[in-house]
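Next up, some structures in structure tokens.
Here subunit A shows up in two complexes: once beside subunit B, once beside subunit C.
Up next is the complex of A and B:
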């Protein structure tokens, strides 16, 4: 009896399933494409994600499969519909993506970024906040802020982010419609005039790394003003946002004092842009367990990860849970992996893997690896 | 079968002498306990593969063994689709201080690396012929690599007239398997400090599977030496 059921289930899962969709623009995707994979154009990939945005394991996967394919999933579609339906004249709505480890928060965010790029949003995307606050590399540079007392600058990270920003918004910045509304004086000789294009501001930050953090701060202000004036619409995406609210960072000042996230200038800039005191914008952030140390992986819920402070900062927000694979999604994923030869072997193991990975996308991918 | 065993176990005479027991080594994966265990010597090795059980039933040998108690199978001896005795062997060779899960994770990572390189090559290959040539199964590559690095001859030092001669002679199947695995691992351990074990092991396996690389060269060197020392061969029996 059991074995017959088993065989039946195996047969069900081994059926040839369509797993690809030709609908490569996220704006056109609808419920028919749920669970199917669409490929992202390599040039676009390079433009949007060359400086981060995909998780490392997914980058490896794209190299192995020689293509970038993202699954169309329900939360992303829902969010796109929400963004379309919402009134842009109202204060910006904040969405928080949350879910267990490895369920695809970052990839959903990447999918949304693709949508935002197609829909002509100005993209403000932070690939991974922990990269700034928790990852200490040999080249990490810190300095005390010149303009704001008691705060810490991360000039190299800030400059890297500006390059990322520039490459993501090439088109909009080149068009030159975006102009500054204020005058910024950096030093005796350097200043940015009123009405100079936004790209000049970004260039200045990249070339004069010393001012990169202040440039970001100015850029955030400018973006808010421009959006309010309806000169552009803005899509803010921050991955691992809860890192900003974890009590401590791994940074140390030269006097060996532990730095809190609030004392970093970048934090204050991105706090400003996640407030809902501006309009014509969309804010999507993720609350991720992986961006805090392991002893605080007890729950994946936003209230736990964002702490009271972060929760109150974002409140009111729309929580969106990213779930594990549903049966259908698992099935298409299996056939995609079989097509890409990542999953090999008899059909019985699909059920075996479904049980052992509990349909968790990342675990499923990992467990297929040595087979 | 398990039920039957239980009944038979009860009626089993505990002082049954060892030499009267039938040998069932031929069919099953050999699993000898290295140290003294709680199992008496008349306990039989478990038959944990479904194919092997079917074989036993077919050759009607099951009724002979059914009367004897059986050792429990180890955790790694499963009837999973992916069980492979050679892989298990290699894992045991890699293992240090009994950290088997670590050893297994290392070899799995090596398999992953092999798979990644091979799949990438497969997708980048333009024609079907080229694609067919690429072996994608990491386990098959491991088998092929071990097969290619197994020596056929060995040198044994034999002392004749005060001089030790390196005398070529045949090698047993077991010893050549042991040497193949040992050489593969020794070649892997000779690596840069910054390169991780799974990466290097993957490269060595891919090299050996395509009949090139350090290990195959070592095998060929041994064969050459055996060939050069063939004049001493008669010392084996004189």
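Up next is the complex of A and C:
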């Protein structure tokens, strides 16, 4: 028993150099670390991703591996490089991550969120748009908007998102530097004064679920004004953004009418923040096949997934493709999985797995599971 | 006893033996017995008529001629052997043909009594020498080819309209075939005198009769009973479409960007957003009208020309990895971002 542990330890120690990097801060990573894994601090992980942000299968994996390790990949470094090189006084630049299913768009986004958090960005992160528009749970609540005629609210989802926003931006909200610039009257007794901290607005949305959608709308306006005034810099990350442009959602009004994405108040709020009419911000969205129904999985390219409307909304954007694993990335992933005992057996199976999974990260992980 | 009877065969030994028995038992004169014995054998009662049935078949050897295929000479005139289209006949074809289901370890069935060979159409009547000789004999009815029409281009230039009909010839009581009335007219669209608007309208009018890969318009008519009528009709259709294409109707002014046959960047939202972006970048607050957007000179925006061509190719040539990559490069240049990192 002791000797076995000893052997494991030895092996781990000997391999530690080859597939891990100690550079745990995304801001410091450079192309020397491409293909290597870095570990995210568990507390930070909880803060950033406890309300979503990682794909479900990856969440399971982190539990199995007892750590959150993300591979440093070229698209993320490229994007960080672009963010650094861009002039923040100019209109916000939109980046669209695209790629085949399972190549790691969401994980790249998570990596970028980590970077944004370290760099002191205010984070506006939507973990998965389809969660709002396409996933119908039993507790799904829908109501007609009080303030905007003909639109529908998703109050529970909006409140859940506000909690997510609050937990991601704890530090910035606590500091209290961010103040509202407008007065918002919610009802006869409830209103938000000019100059009240942003956290009050968020708290109000969480406590008074009825107003959550309107709070988000106000919050988006405030964030844009604050960013324009350089009181904060903002990082907008939306996963599965193309869901906003798919002609129909799965939602039904009480009269059994299908709801279009434009008729949801959340859509209009997040459309506002993805426009480039504000400064001091970075907008990263993903175009994902998985966020639309299966009959529209013909291509993974952004124009097809975003439709004409979405393309025109985002244009000009920087398309960033997430590829399958390169040879080097595949080999480090293999040694990482071996280290975590996720993959066992002779070395010949590596080549075989490379062919059967076609170097697709998700498929590779799936195929290693029974081994 | 019955076995004995069945197996009984009259033989010299048996007769002798029997004769002796009879001689011992007989009380009649010996001479008469001897006489009978020579004339007829012992008759056995054959109730089931077994003997008739078992009669051996006599093999008659008739004088069979060798196969005709084997007797053919190598220098015969094949056109005389097989003058016209005909079902396959094994004795007429001196070829070791085999066709059909192949049982394991065996060769495919040979040509004789082979239904498979008879089922398929054959072209044994169309061998190259036969065709050649037929063409030779047809030559006397032909006129000379015009010397100026010496190339495909020249033919296309002088005779842009191609009319395709089919004639049928058969040996049946009627010499008419209903398919002979079908007339197809083909013309290259580029040979018609059309401007940009008229060309677009013409293509929309003819619909799927226009093939963009070959630039050919194909009009087929079979609605009239006679060929001449159909020919008139296709000519009429072509003329009508041509003149209609040149007409500009009042409602055509309502054409929107969605109805466009190609993507014109200057009229699209993409240009608008770039102009807006440029104005915002320079902190200019201006509200432009649609026409101002359209006529905005993009040459003042650095790198906008490359962006324009990238978006146009993405929209017009269809989305592919290459066009998206080009688009990305153009956008990075436009926004002043570093090139894509290569690791």
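Please note the rule applied: the second predicted complex is superposed on the first by the 354 of 371 C-alpha atoms of A that agree within 3 Å, B and C clash if a C-alpha of one lies under 4 Å from a C-alpha of the other, contacts with A are read in each partner's own complex, and residues count from 1 in each chain.
The working rule: a contact is a pair of C-beta atoms (placed from the backbone, for glycine too) under 8 Å apart; a residue touches a chain by one contact, two chains touch by 3 or more.
Source: prediction; values computed, not measured.
Participant: Once the shared chain is lined up, is A:342 touching subunit B (first), subunit C (second), both, or neither of them?
Facilitator: It touches subunit B, and subunit C stays clear.
Participant: Contacts for A:315 in the overlay, against subunit B (first) and subunit C (second): which applies, first, second, both or neither?
Facilitator: So A:315 only meets subunit C here.
Participant: Any idea whether subunit B or subunit C touches more of subunit A?
Facilitator: C
Participant: Once the shared chain is lined up, is A:369 touching subunit B (first), subunit C (second), both, or neither of them?
Facilitator: first
Participant: So, does A:90 touch the first partner subunit B, the second partner subunit C, both, or neither?
Facilitator: second
Participant: Applying the document's definition of touch, where does A:60 land relative to subunit B and subunit C: first, second, both, or neither?
Facilitator: In the superposition, A:60 touches subunit B alone.
Participant: Touch test for A:352: subunit B only (first), subunit C only (second), both, or neither?
Facilitator: In the superposed model, A:352 contacts subunit B only, not subunit C.
Participant: Have a look at where A:299 lands relative to subunit B and subunit C in the superposition and call it first, second, both or neither.
Facilitator: second
Participant: Using the touch definition up top, name the residues of subunit A that touch subunit B in the complex.
Facilitator: Against subunit B, the touching part of subunit A is residues 60, 63-66, 340-342, 344-346, 348-349, 352, 369-371.
Participant: Within their complex, state which residues of subunit A touch subunit C.
Facilitator: Residue list for subunit A touching subunit C: 31, 34, 74, 77-78, 81-82, 85-87, 90-91, 93, 98, 276-277, 299, 301-304, 312, 315-321.
Participant: Quick check on the complex: what are the subunit B residues that touch subunit A?
Facilitator: 80-82, 107-109, 111-112, 115-116, 119-120, 122-124, 136-138
Participant: Would you pull the subunit C residues touching subunit A in the complex into a rising list?
Facilitator: Going by the criterion above, the answer is residues 268-270, 273-274, 276-277, 280-281, 307, 311, 314-315, 319-321, 324-325, 327-328, 331-332, 334-338, 340-341, 343.
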